[in-house]
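Here chain A shows up in two complexes: once beside chain B, once beside chain C.
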Partner chain A sequence: MIRRGRALRAIPTLLRVGVAETVAYRAEFLVWILTTTLPLVMLGLWTSVASEVPFQSGSGKPYSSADFVAYYLSVLIVRNLTGNWVAWQVSEEVRMGAMSMRLLRPLHPFVAYSMSHLAAVPFRSLVALPIAGALLISSGASVLTREPLQLVLLVPSIALAWLITFSLQFTLGALAFFVTKTMALLNLYFLMFSLFSGYLLPQDLLPGWIASAAEVLPFRYTLGVPVELMTHELDGGRVAALMLYQLAWAAVSLAMALWAWRLGVKRYEAVGG
Partner chain B sequence: MSAVARYLRIATLQLRISASAGMTYRADFLLEGGLALVSLGLLLLPWIVLFGTGHTMARGWDQASALMVLAYFTGVRAVLEGLISPSLVDLLERIRSGAFDYVLLKPADAQALVSTSRCEPWQIFNLLFAIGLAAYAFVLRGSGPAPEDVALGVVLFGAGLLAMYSLWLLCAAAGFWVVRLDNLTYLLGAIFDVARWPVQVFRGVWRFVFTFVIPVAVMTTFPAKALLGELDAKAALATIGGALVLVVVSRLVWRLAIRNYTSASS
Partner chain C sequence: MIRARELAKHFRVHKRPPGFSAAVRSLFHRRYETVKAVDGVSFTIERGERVGFLGPNGAGKTTTLKVLSGLLHPTSGEALVEGHVPARRQTELLQKITLVMGQKSQLIWDLPPADTYELNRAVFDLPRAEYRKTLDELTGLLELGPLLGKPTRQLSLGERMKCELAAALLHQPTTLFLDEPTIGLDVAMQLAIRDFVRSYNQRHEATVLLTSHYMDDVVALCPRIIVIDAGKLIHDGDLRGLIKAMDPDKRVSFTLTERVADEELAKIGALLARDGVRITLRVPEREIPSVVGHLLGELRVVDLAIEDPPLEEILRVMFGKAKQEAAP
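After this line comes the complex of A and B, so read on.
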């Protein structure tokens, strides 16, 4: 109990450190944000395709240019707010031996890392805001949802998406304890994410079996759900189901992260010393 | 001539060492191989979704010609991720740690040394797959290419690679001024993603940017058109000329950058 109290008291300091880190390494921070160009590339493709006739998806819902603009700009906003690179960070620190220093601190690294990434969220909003502005004045605005329930749920949904993304990434990072170099695993994660989350294509444009796999895998809940809340008209039952799935995945991924960490840290050999 | 032979020997030696170093991380190495295949499937997915439902890409790009652009994209990306990107990561790490000193001390050109310092052997399969895609595009078309178009297509593939390499070198040179830029390779990859579609997909200012400012169109759209026999001589010459200009500019910036290098080691 005492330990938990101490961790709580450390949080404001951790957040301040995170802000300072973000400002200090601003070039790196900016580069990470600029790497999310894929939605714009897809946006270019699909608006070009749909510019004359709306694109008919497999499920029969027609996608007009405006639909694609709204969809991919929303993807950019959510991705910007929820994306992080903690897996890369953890695995590098394990590989280079810098993890030793973190283990000495009386604070779970999950808390330390998450606070440092949370501190970057305001800076990320600075990038997300102009995109949101562009979305509101573009043709996409006409197809955004006006359902109050969906708009209210947007904030918790993005927060849950953040937590799932962070926990999954942390789990991957912790795998570095077992295989030392995890670049390939990170690539695999990103590939699965692109496919199943709605990052590459809206879920209803995917071939049937991929769309049904996406329903049960965690990736959709890290991006697709908030985006759909913004851009699709969903009925109440569907919204409730999506939010419940999201909550469940948040709990599961958090447990996974802490468990992988506990198993991994036992094997830590402090490479490089 | 002996200088060329010498640098070729150095390059092969460095790449062989790098390949065996890569294989020491066994799990990573095997997974990397499997991933190469998955990422190819993912690359083709939008193309399948788009043309599988009987749509056409706007402005004269049919199924076969869009596939040809994807084939070139796969080919250039194989070289990018097989050679250029790993070497860049390595260089940035050396600049940061100060190990770049040892590169400068060696009696060979530093640019040649860092350009071939790392490789990912699996990417050879992607290169083969790119050739397969190009062949399949001709099957879809129902007619084979003329020999001179094949020659031009291959030459422009080389020009595209040179352009890619020069852009990479320019970014690497930035590493001498801004030290913590390890993630630059992801940015390069992300910008290059634009090249998976014909540049005609983009409109107005973007098409201009991707043709002249960040010339990704030069790397895939133009060579694909050449192989399909649809590129006029003027555009072909402009592509080759543009690539050569980029090579010269990047060489100059690189020399300026290493003059600015103030070792990070203590």
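After this line comes the complex of A and C, so read on.
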């Protein structure tokens, strides 16, 4: 209880320092924003294809250019709010021994990293979100959902997507305790994320087996679900199921992250120094 | 209090010969070797003691400090620091200890040290008034004033080290693990840090375990030294006792006003060094009064110093012996 109270009291300062770190390098900050714009490329590609050939999903739902615009701009927004690179950071700090300094502080690194990444979210979104929002309202608003239930659940869904992404990334980073270099694993993660999350294609346009796999894998719940809540008309049962899956994956991925850390930190070699 | 009993830390290390073909072979077949970085070390350090931890490179000093500060889990044996098992990294322990590593930084690289201090205040849950008082005190003692607002990456090594010390001591730990805290610093800065550590130890009755390649640090700060080599403890005791046991002879250094032949000097003591008229002789302790009398009476001497042999020399002999004994 005391420890939890201490962590809670530390949060405002952790966020303040996180913000200061985020804005320390202005040029890098802008370049990073540009790297999150892959959905805009996909948007350009698919809207031009959809203007030539009529598209429809496996369930028979037609996809117009406006649908693609709404989908990919929603992807851009959700990705900006939930994306992070903590796996790379944890992995490098373990490999280079810089983790030692974090371990000397009486605060679980999961909390320290998460606050530092949360602090970056508003700044990363500073440029991308207003542009995406404006474009979405001007060209794709007609296909955005107006379902009150979906709109209400959008905020918790994005929060859960963030937690799942962060926890999975933290787990991958903690694997550095076991295999030292995890870059290949990170690439594999990004490949699977791109395929199964809805980052490259909406889930209902994916081939059957990939769509089925996406249903049970965690990636869809890191991006696809909030995007679908924004862009699809879903019935109440489906919304409840998606939210429950998302909640379950949040619990599982958080448990995995803490477990991987607990096991891994015993193998830490604290190189250098 | 710090206690280590039969403490051991072994690492499994991948070994391969140099070259391209060995690199390719290692993809399919890897050879591992167990390195005994710390191999059954036992000692107890009481509260308020200042202990120098010495050994050649790779002797296991830093590994021992990392085990004692909870960064590494020991392979076997026991460690107890301030009544806690370090590997558990309990908040109560982390609140009482600190580890300063000369080659690792806890300061946030892109931000001024003041931000790291603020972060530590929050993480260590320090009351603001107490934090402010400690920071003011450290700022005064270490002359940090102009450095607090400069990004860490723009600080010189000496400036950074002073800021590191402050970051490590903000929570007023009572056990200090200092691993090469003066590495790369100029003499003035080394002296400043040495004085600071001594005064911190006295004011807080803090236990200090120090490793340093600068023997002057150890001689000036640590009445007791622990020496390890190849992971094993080879000496634990007071510094003067070690020097006496290893080399009881004194070093007599003096400057002559005119040249004297080596043969003449050899009658007084063993000639260790000669730089023109600056001479260093090795003389048994019991002969010191007669040698000094002779120097002052018979030769023209402008200055005279009688010292213990340098610790570096003692350790060189000691590590050489340990190596010979370990050889098959």
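A few comments on the model shown:
Criterion: the second predicted complex is superposed on the first by the 262 of 273 C-alpha atoms of A that agree within 3 Å, B and C clash if a C-alpha of one lies under 4 Å from a C-alpha of the other, contacts with A are read in each partner's own complex, and residues count from 1 in each chain.
By definition in this document, a contact is a pair of C-beta atoms (placed from the backbone, for glycine too) under 8 Å apart; a residue touches a chain by one contact, two chains touch by 3 or more.
Only a predicted model underlies this, so the values are computations on that prediction, with no experimental measurement involved.
Once chain A of one complex is fitted onto chain A of the other, the partner contacts of A:191 are limited to chain B, with no touch recorded for chain C. Applying the stated contact rule after C-alpha superposition, one finds that A:48 touches chain B and leaves chain C untouched. Contacts of A:105 after superposition: chain C is touched, whereas chain B is not reached. Look at A:20: by the touch rule set out above, it reaches chain C but stays clear of chain B. Using the contact criterion defined above for the overlaid structures, shared-chain residue A:151 touches neither chain B nor chain C, since it reaches no partner. More residues of chain A lie in contact with B than with the other chain of the pair chain B and chain C. Under the contact criterion defined above, the residues of chain A that touch both chain B in one complex and chain C in the other are 25.
The residues of chain C lying in touch with chain A in their complex are 11, 62, 66, 69-73, 87, 89, 91, 94-95, 97-99, 101-106, 108, 110-111, 115, 118-125, 151, 179.
The residues of chain B lying in touch with chain A in their complex are 25, 27-29, 31-32, 35, 38-39, 42, 45-46, 48-50, 53, 55, 57-59, 178, 180-184, 186-187, 189-191, 193-194, 196-197, 200-203, 206. Contacts from chain A toward chain C in the complex involve residues 2-3, 6, 9-10, 12-14, 16-17, 20-21, 24-25, 97-98, 100-101, 103-107, 112, 266-270, 272-273.
Taken together, the chain A residues at the contact with chain B in this complex read 25, 27-28, 31-32, 34-38, 41-42, 44-45, 48-49, 51-52, 55-58, 85, 179-185, 187-188, 191, 194-195, 200-201, 205-207.
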